[in-house]
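Can you keep this structure in mind? I'll have questions shortly.
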Amino acid sequence: MNGMQFLAGHFNYIVVIILMMTGLYIVISTGNMVKKLTGLGVFQTSVFQLYITMGKVTGGRPPIVAHAPEGAEHAAANGGEHGASTADTAVRMVHDMADVPVNGVIYSNPIPHVLILTGIVVGVATLAVGLALIVRIRETYDSIEEEDVEEAEYKARKAANA
Amino acid sequence: MSTVLEILHIARFGLAGVFLLGGGFFVLAGAIGVLRLPDFYTRLHAAGVTDTMGSTLILLGLMLIAGFTLLSVKLALVGLFLFLTSPTATHAVANAAHKAKLKPLLGTYRQTRKGDNEGGSQ
Amino acid sequence: MNADFITPLDAFTIIDLILMLMLLIVGLAIVRLNDIFAIVMLAGVYSLVSALWFVSLDAVDVAFTEAAVGAGISTVLMLGAMLLSSRTALPAKPVRKWASFFIVLATGAALMYAVTDMPSFGDPLSAPNAYVGLEYLKRSLPDTEIPNVVSSVLASYRGYDTLGETSVILTAGLGVMLILGMGGKINGQLKKKAIDYDNADAQAHHTVLRVVSKMMIPLIVLYGFYVQFHGDFGPGGGFQAGVIIASAVILYALIFGVDAAKAAVPPLVVRIGAALGVLIYGGTGIAGLILGSNYLDYNVLDPHSAPHGQELGIMSIEIGVLITVCSVMLVIFYGFTSRQPDITDKDW
Amino acid sequence: MIFATTLMLMGAMTLMLARLLRGPELYDRVLAVNSFGTKTVLFLCVFSFLIGRPDGVDIALLYALMNFIGTIAILKFFRYRALDVALSRMPSRNTRKKAGAKS
């Protein structure tokens, strides 16, 4: 596999890694906690992107299997351009799809989608907890800059020791 | 009979193409306006081009392609929501800017350009 | 690795590339800016552009969730937190900047090295795509009669996972409740209005907003239910619907005040709902146990037809997920808004 | 034809991004984000026709609604610096008293 071909097949991972590192850089470099959480969000989204790009199949369709069986061959010939999604065709094809590999249509991989779908909602929940902690930090230390908080903590400890 | 249908077919897609490209043109023009115009209120005016002509034409073009299907209904709903929300949002932005005493640039562009700070807020 | 597969350079790939470029621009802009307000908005745009990319990568369900979460809830939460904290970030010190730059460079290099082992983009025969995913695609419709494979895998095949995720969301809601309070008394006293909004004319100008929102809110809720019950056939499901319905209530709170929203959807109801959803989910599993099968096995729910039982079970747990997600989002929102902003004007 | 429209919309989105990054006023940014959202909705509609699947329109519908909420939240935040204020037409008790005192 030559270099150009490799790049054509892997550009998505390279971009995702750059984005991931952007997020990581924001998390490490800034002292502001809200900005840190934004960086965490960027990092998190890039992980989602990594998973989703892995599940993509060229010429595929979203994993919603609802095709009329009589259109299956036609759809396969067209590379999956054909589609009618109604409930009754779905029920009909249950009986007919004993041996056709996913009805002759290419679909993208559903598993990364499932994992990431729940991941996003859990992500917003954890974001909320992080933000709540930031609010409490602000109420206690009157700042959301890491350095100020550390300084105040240091002073408080020194005063307690003295 | 079939030739009439064919002509109708071609006319439908031709019209759809004209609508789509016209909508694209208006969207692009609005975007360039938002980027290039000198102050907030004029940019607001440019953004309106996208919300009105741009979105209407594009959605009409797509509805022509889709024909009488559920998809067309959904597109009409998108159009309805945009019709309701984007002027409201634009109104809210303008109102907020006005209440925050953001002054519009007055006079000709060349005059105001020298003292750029005069047009700033507060 | 399938060495013969070559990623085609077609229209979709070009669109993908433009979207990636936009993501890179937004990411780098977030690095450079120190105005937190701009950062919050950029984060919204970032998640929106990645939602677009997800659509182009066939992950419509994921795009749906990302659009609902990133544009609505995340922005509101970030703003709520900003309100209670400061507005600009201090620029980082050069030492720290360079140190983190080198750490990032090293990590990035390591990851880039790992890229060589990854399957080609869009390769249908790659290890992740060829085996278990294909199996789910083949079996989902006969097993569950649900065309949307993402829904059936989420709710049925990987039901334990989703139960765990729902519990995580409930736990996050509990965490926010513990940290920020339940929206009642703070330090033993009720919240007092810190800011005097005595410009009646400014409020009178919001007629447009109020009228339009009044029209929009029922539509949003209706759309939420459409997403919930159409989730078996198209993109959507409990997670998305929960977020959408919660954002309708949030819009109501934004326009008519949090007190009005609390009168319409009381915090107590929301707190009960958060637990109730997980209870419904877990209870569906218990029902399976009682009917003589495994936990979260829906086949036995309908004694006559296993696929119909599956459909029933999936419907039931999706409702549980809807209730929990919606309630937890509202718990979080109420938690943030019940705090009194102690920020002074000179901070701005 | 559809592809050309898609590219036009993407170009417009990029221009909006430029305005968002450049600012200078906060309201410019809000305007840019809102307009970016509108263009995204249109993009999703057109794109779902380009790839021949209607699912994108559902997301467009959702985003048309969500964009509104986001914009309102941002503006509310900047107008009142609080999320917890009713935008009721009735003047608050405070202002009514003041108005009474004046007249």
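Should a chain be cited, it is by its letter among A, B, C and D, assigned in written order, with residues numbered from 1 in that chain.
As a working rule, a residue touches a chain if its C-beta (ideal position, glycine included) is under 8 Å from a C-beta of that chain, and two chains touch if they have at least 3 such contacts.
Predicted, not measured: the structure shown is a model, and the values here were computed from it.
Chemist: Higher C-beta contact count, B-C or A-D?
Modeler: Top pair by contacting C-beta pairs is B-C.
Chemist: Name the chain with the Cα centroid closest to the overall protein Cα centroid.
Modeler: The most central chain here turns out to be C.
Chemist: Roughly how far is chain B from chain C, going centre to centre by Cα mean, in whole Å?
Modeler: 29
Chemist: Counting only Cα atoms for the centres, state how far chain A is from chain D in Å.
Modeler: Averaging C-alpha atoms per chain gives centres 24 Å apart.
Chemist: Using mean C-alpha positions as chain centres, tell me how far chain A is from chain B in Å, no decimals.
Modeler: 31
Chemist: Can you check how far apart chain C and chain D are, centre to centre, with Cα atoms defining each centre and the answer in Å?
Modeler: Centre-to-centre distance between chain C and chain D: 19 Å.
Chemist: Can you list every residue of chain D that touches 2 or more other chains, as numbers and ranges?
Modeler: Residues 13, 30, 53, 55, 58, 61, 65, 67-68, 72, 79.
Chemist: Which residues of chain B are in contact with two or more other chains?
Modeler: In chain B, 81, 85, 88, 92, 99 touch at least two other chains.
Chemist: Which residues of chain A are in contact with two or more other chains?
Modeler: 61-62, 64
Chemist: Touching pairs of chains, all of them, please.
Modeler: A-C, A-D, B-C, B-D, C-D
Chemist: Any idea which chain C residues touch chain D in the complex?
Modeler: Contact set of chain C toward chain D: 11-12, 15, 18, 22, 25-26, 29, 37-38, 41-42, 44-45, 48, 51-52, 55-56, 60, 63-64, 67-68, 71-72, 75-76, 79-80, 82-83, 195-200, 202-204, 206-207, 209-210, 213, 216, 219-220, 223, 227, 234-236, 240, 244, 247, 250-251, 253-260, 336-338, 341, 343, 348.
Chemist: Can you list the residues on chain C that touch chain A in the complex?
Modeler: Residue positions touching the partner: 3, 5-9, 16-17, 20, 23-24, 27-28, 30-31, 34, 36, 39-40, 42-43, 46-47, 50, 53-54, 57-62, 65-66, 69, 73-74, 77-78, 80-82, 84-86, 89-90, 92, 96-97, 99-101, 103-105, 107-108, 111-112, 115-116, 118-124, 126, 128-129, 132-134, 136-138, 140-142, 145, 147-150, 153-154, 158, 161-162, 165, 168-169, 172-173, 175-176, 179-180, 233-235, 237, 239, 242-243, 307, 325, 328-329, 332, 335-336, 339, 342.
Chemist: Touching residues of chain C toward chain B in the complex: what are they?
Modeler: Chain C residues touching chain B: 199, 202, 205-206, 208-209, 212, 215-216, 219.
Chemist: If you look only at chain B, which of its residues touch chain C in the complex?
Modeler: So the residues of chain B touching chain C come out as 81, 84-85, 88, 91-92, 95, 99.
Chemist: Could you please specify the touching residues of chain A with respect to chain C in the complex?
Modeler: So the residues of chain A in touch with chain C come to 1, 5-6, 8-15, 17-26, 28-35, 37-39, 41-42, 45, 48-49, 52-66, 85, 87, 90-91, 93-94, 97, 101-102, 106-118, 120-129, 131-136, 138-139, 143-145, 147.
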